[in-house]
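In the two complexes below, subunit A is the common chain; its partner is subunit B in one and subunit C in the other.
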Partner chain A sequence: MFNSFRMSMGWVHTWLGLVLGFVLMICFFFGALSVFDREIDRWAIPDTRFEPQPMPSFDEVLKPVFDELKPHPTDMAATQQRVIGDLPDPDTMPLKSLYAYTTHRDPVLRIGGEFGIPNEPKDPADDHLHVHGWATVNPTTGETLSDSALKIGSDWFYPMHFNLHLRWNMLGYWIVGVAALVLLAALVTGVIIHRKLFREFFTFRPWKHVLRSSLDLHNVTGVVALPFHFFFAFTALVIFATNIYLPLSHTTLKPLHEQHEKLEAERTGLPHEESGEAAPLASVDAMVAEAKRRWAERDMPGEVGYLFMDHIGDENSYVSIYRAGSDRVALVGEGIHFKASTGEVIREEPPRSVVASIDEFLTGLHLQHFEHWMLRWLYVFGGLLGAICIATGFILFVEKRKARHAKAGSQGSRIVDAMAVTTVTGMVIAAVSMLVANRILPADLAGKGQWEQTVFWWAWGLAFLHAAWRSSPVAKARVNPAWREQSWVLAALSLLAVVMNWVTTGDHLIKTLFTDTYWAVAGVDLSLIATALIAMLVARKLGAKATETVKPKRGKSAQHNKQVNAYD
Partner chain B sequence: MISQTALHITNRIIAAFLGGYAFTWGLSALAITTMVTLGIDFHEAETGMTLVAFLVFLALFLWTFAAASMLRVWLVLAGGAAVMMLIATMLQNSLVS
Partner chain C sequence: MIEAGWLIAAVVSTMLSMGWFALCYQSHWKQVFPGHAGGPNTFLLKLLGRGFLLLSAVCCLAADHPSMAALVWIMLLAVAAMTVAMLLSRRPQWLRLICPSFFADKG
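Up next, the complex of A and B:
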């Protein structure tokens, strides 16, 4: 199989593409949902259904909030494992640093900080240990949101697409990283084998129709969106390169990096350590005003995206104010740093270098914090095209082999098909089940977010069991009825989610579209309805196929995947 | 019983993922230390290298499956990684001291 260049490339495409394809389905689908993560949050947390807010006044709104911020119990437990002796009472720990972060799509504000502890670390290399605290704030009232309210979009679907929620030893990140590399390889090898494959299938008469239609869809979605797929897989690796995939500066080049950091601290004048002398805090609002004035002077007026303060209460304390990148393909930047006790400017960051600009542009284009709604939707369609490409790849794999496997008594196609059902309809069922659970569980239920996660995993697990249980026809070269059955389930769940949103919040589509327009909720509802319609159409077509022929074929399978995945 | 083919494929997969990764790691270390030696800022060099590293990894990855001789593949990947790591470490030592 490695005798010729083209055959070896075909092997890489087929087998690595198949194995990592199941992961790539997750990346593409949840990546597509992540484009509207904030909007899904609004749907899931009705208390936050109001307009996006700019960074609120620090002196009036945020300072009292930070005064109330406490170390988070989760991080208390995690830090206790790493230090010698018992941690002190969390209420007595001093806040050492703080941050606040928002974007043009956020009604609520994320804040957090580090609390100082006297304990020595168990591992001496584990220096600068702190206990972290975090919260989500309603900037219009200064109230913090309940911890049990899970942000399903930005804290569940979004991390799913880059770490699969497998946190143990960063395993999820590594699996996704391998999948990204394999996607790059699959795109290159796909182009190499393309013509050859086409000719092969032309002579494959008995299944010509089924194979041709799924192959065409596989090629079209792969080739048309090839730059898109290549870009996202490549930038995914670049985004995590320095911290996870190639952490040279923390390992091999640590000495060189530390030397650079020391020189850098001297050059920028931002103190790395505390002085030990207490000092008061000047008006942060005045610093924000000064930062905005300087941005406007540089012909780039803007809002604050990120606010950071280090060495709080110390003479060496400083405040860093970063501009939100809403109007350009970049993240927060143009940082201006102030001395916290006096409010004087310590440093204004110079414009980015060429290399940093390229990097910023590439990662910014992936993370898309900028404001451009049409491009946002194109991202969703691009992600769904990727999912279709991979799903049709599964179909091709099964269709090409199932007759042969049936003759030889092999279970290979059957297993792949069951996994395909699980990662196509099963995955969407899991996501929609979570939304249904979100609207059925009472808002004041303790640990509500935990329950929603449980529903998500159980729904997905049941979809897998169902697909496996119904898969025996595939071993006889027929169709797995699970495709059709799960499409019906998906249609029902999607409609149920829309109805439950109406019942529990009163936000029906006539209201969110016309009388009291709120696009975040209307968009999720409309996408759910679209999902339901497509799933019903697919289920009906698959049903008709199953009854019209003695020996059912999967003529619509490719289209099926396309339609099921057109969910947002 | 493990067939000859299975062993052969396993060898290619290990070489492609781990060998390719080791080579990419060594190349990145060497490129960054070389650039810093030439007076380029550390983070500039690091960022620049991340933009190149995964394209190199991809090329090595595909070459591993296409190559006729696995011996040559391992010589280049493992040998290259070792040599580059050695030079990078020497460069770093001279820079830090």
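Up next, the complex of A and C:
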């Protein structure tokens, strides 16, 4: 079928990259945004624009909040589907376990808990039946903040990059998983295609024909960030491997699940079941102080990242306190567990094994909870390089074939080009439109978050229709004007978002940068302005090119032709 | 503050290192010195490139926990390589700043 192994690898690289490239664009772009998801949340929810706080006092601030916590109506409805008979009144459900979670970037605290119910499950295998409740808390006052506002960064952009918001049968997770696997294959085949890997580290010739210059940019962005692309594709698979892709513990080993939990409880000394005897709660603040003292003794002083309490109100209740992993790649850890009724230490987790440390490192490097602003920006850079690599791959595909397709009357290039416009400029337009909608829609609008999501999907859908409608020149071997037009739209929307933030909150850049510095909002505004400037520059360049007479150029060297043909 | 100093040193040394590695190639050397008759002194440039690459790794390790330093260093390589590629495409003459005349092979 092919003349050489390299040619066959070129075929794999091209076609797998094209088919899953559209998904990978979403993963890279929204993954890059997710690095600053909490900051985007602050921009989108002005009521939460205050400085990040460490975990507040449990005894004074959090306990009253948990006393008021109720089962969430959404989870009530979901649980009702799984049980026999009506659920009891939510006010009568006892809180069985609770958690509080924060990071160095969170001004607000996420809390939640599980409420016990007496109902039997419809499916006997459906164990651990609870109704969940959750809330967002201002840790300085203990005031519960409205949870109706959509956290655009952490609840929309972030999940988009790993599940595409396709939750039916976890379809989105599977599509992204296949895309990650394909990315690994594309990286390996890409390396095989490019024999002069190191020379391409520094080669970008924008003055050459678009086919050559886009191949240069595709190579350079693929090669310089090769370790980043590889590690992120690999760790994405590692993170979901045990829960979703190879869920042995939920399938083959499920019959042993209960027994495993009991053995684990015996090993750790953390009770698996309630004793049935009521017991009061000792001071959790004292337990936190003891945990901090022990971390400092191990030469790793730190703050609490995660607090968990199980079997609340029972003699067997225990409190688990985990250290925030702000200063290292690993996530929360170094857990210390206390008997809730007395405050005595039940267990201090030993140092991790080598395997557990590697797992923590791989997971942590992807989820990046660390407090290292430079590395966070380097991650954004890596993510955008990935997006550029794929976008130039699309351009390369179209440019290589459009003249041939035009001659043969094929619509192939036209379709790919329209899809490329939709997943490059169209996707960014959708994201920025959502931010504009967030600032234009009134804060007290019922279902505001739902409206924002609708705007996102509509903006993206319209971008697709526009790209498809304007794509007819591609079938005649010319450039799709939708690239230029959507770049102008993107520039306008990005500037509008900055202006609307100023108008609706009073937080303009002079204030957030100089007079009342608040980097989370300033950073989002500056990024929007940078997006607008780049989009304008691109639109102007494309406009200038459109007026030029396009003359097809032949590659000068045999090597040039060979390399380009490797993508055929 | 000291950490920031180490990180700035790491950025500078990675940039220098990648600049020298790029200049080892005849094609990039010609971009930077279009009228120059000779070629690059590849031995010296590679030596400097490797030395400063090592130095940048040391700076990263001085600034952060080793697990974090490894990530910073790898990502800095990408940024530096991309920056040098962009300089070569737009402002190649700027790379003369890191390449005095004795870096050239007399050829």
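The rule is short, and it goes like this: the second predicted complex is superposed on the first by the 522 of 568 C-alpha atoms of A that agree within 3 Å, B and C clash if a C-alpha of one lies under 4 Å from a C-alpha of the other, contacts with A are read in each partner's own complex, and residues count from 1 in each chain.
Operating definition for what follows: a contact is a pair of C-beta atoms (placed from the backbone, for glycine too) under 8 Å apart; a residue touches a chain by one contact, two chains touch by 3 or more.
All values derive from a computational prediction rather than experimental measurement.
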Which superposed partner A:Met9 touches (first subunit B, second subunit C, both, neither): first
Which of subunit B and subunit C A:Arg401 touches, first, second, both or neither: neither
Touched partner set for A:Lys70, first subunit B, second subunit C, both or neither: neither
Touching partner for A:Leu365 - first (subunit B), second (subunit C), both, neither: second
Touched partner set for A:Leu378, first subunit B, second subunit C, both or neither: second
Residues of subunit A that lie at the interface with subunit B and also at the interface with subunit C: none
Subunit C residues within the subunit A interface of the complex: 7, 18, 21-22, 25, 27-28, 64-65, 67-68, 71-72, 74-79, 81-82, 84-86, 88-90
Partner subunit B, residues of subunit A touching it in the complex: 1-2, 5, 8-9, 11-12, 178, 181, 184-185, 188-189, 234, 237-238, 241-242, 246, 248-249, 252-253, 255-257, 259-260, 353, 355-356, 358-359, 362
Residue ranges of subunit A in contact with subunit C within the complex: 199, 201-206, 220-221, 223-225, 227-228, 327-330, 361, 365, 370, 372, 374-375, 378-379, 381-382, 385
Contact footprint of subunit A on subunit B as seen in their complex: 5, 8, 12, 17, 24-25, 28-29, 32-33, 36, 41-44, 46-48, 50-51, 53-55, 57-58, 61-62, 65-66, 85, 88-89, 92, 95-96
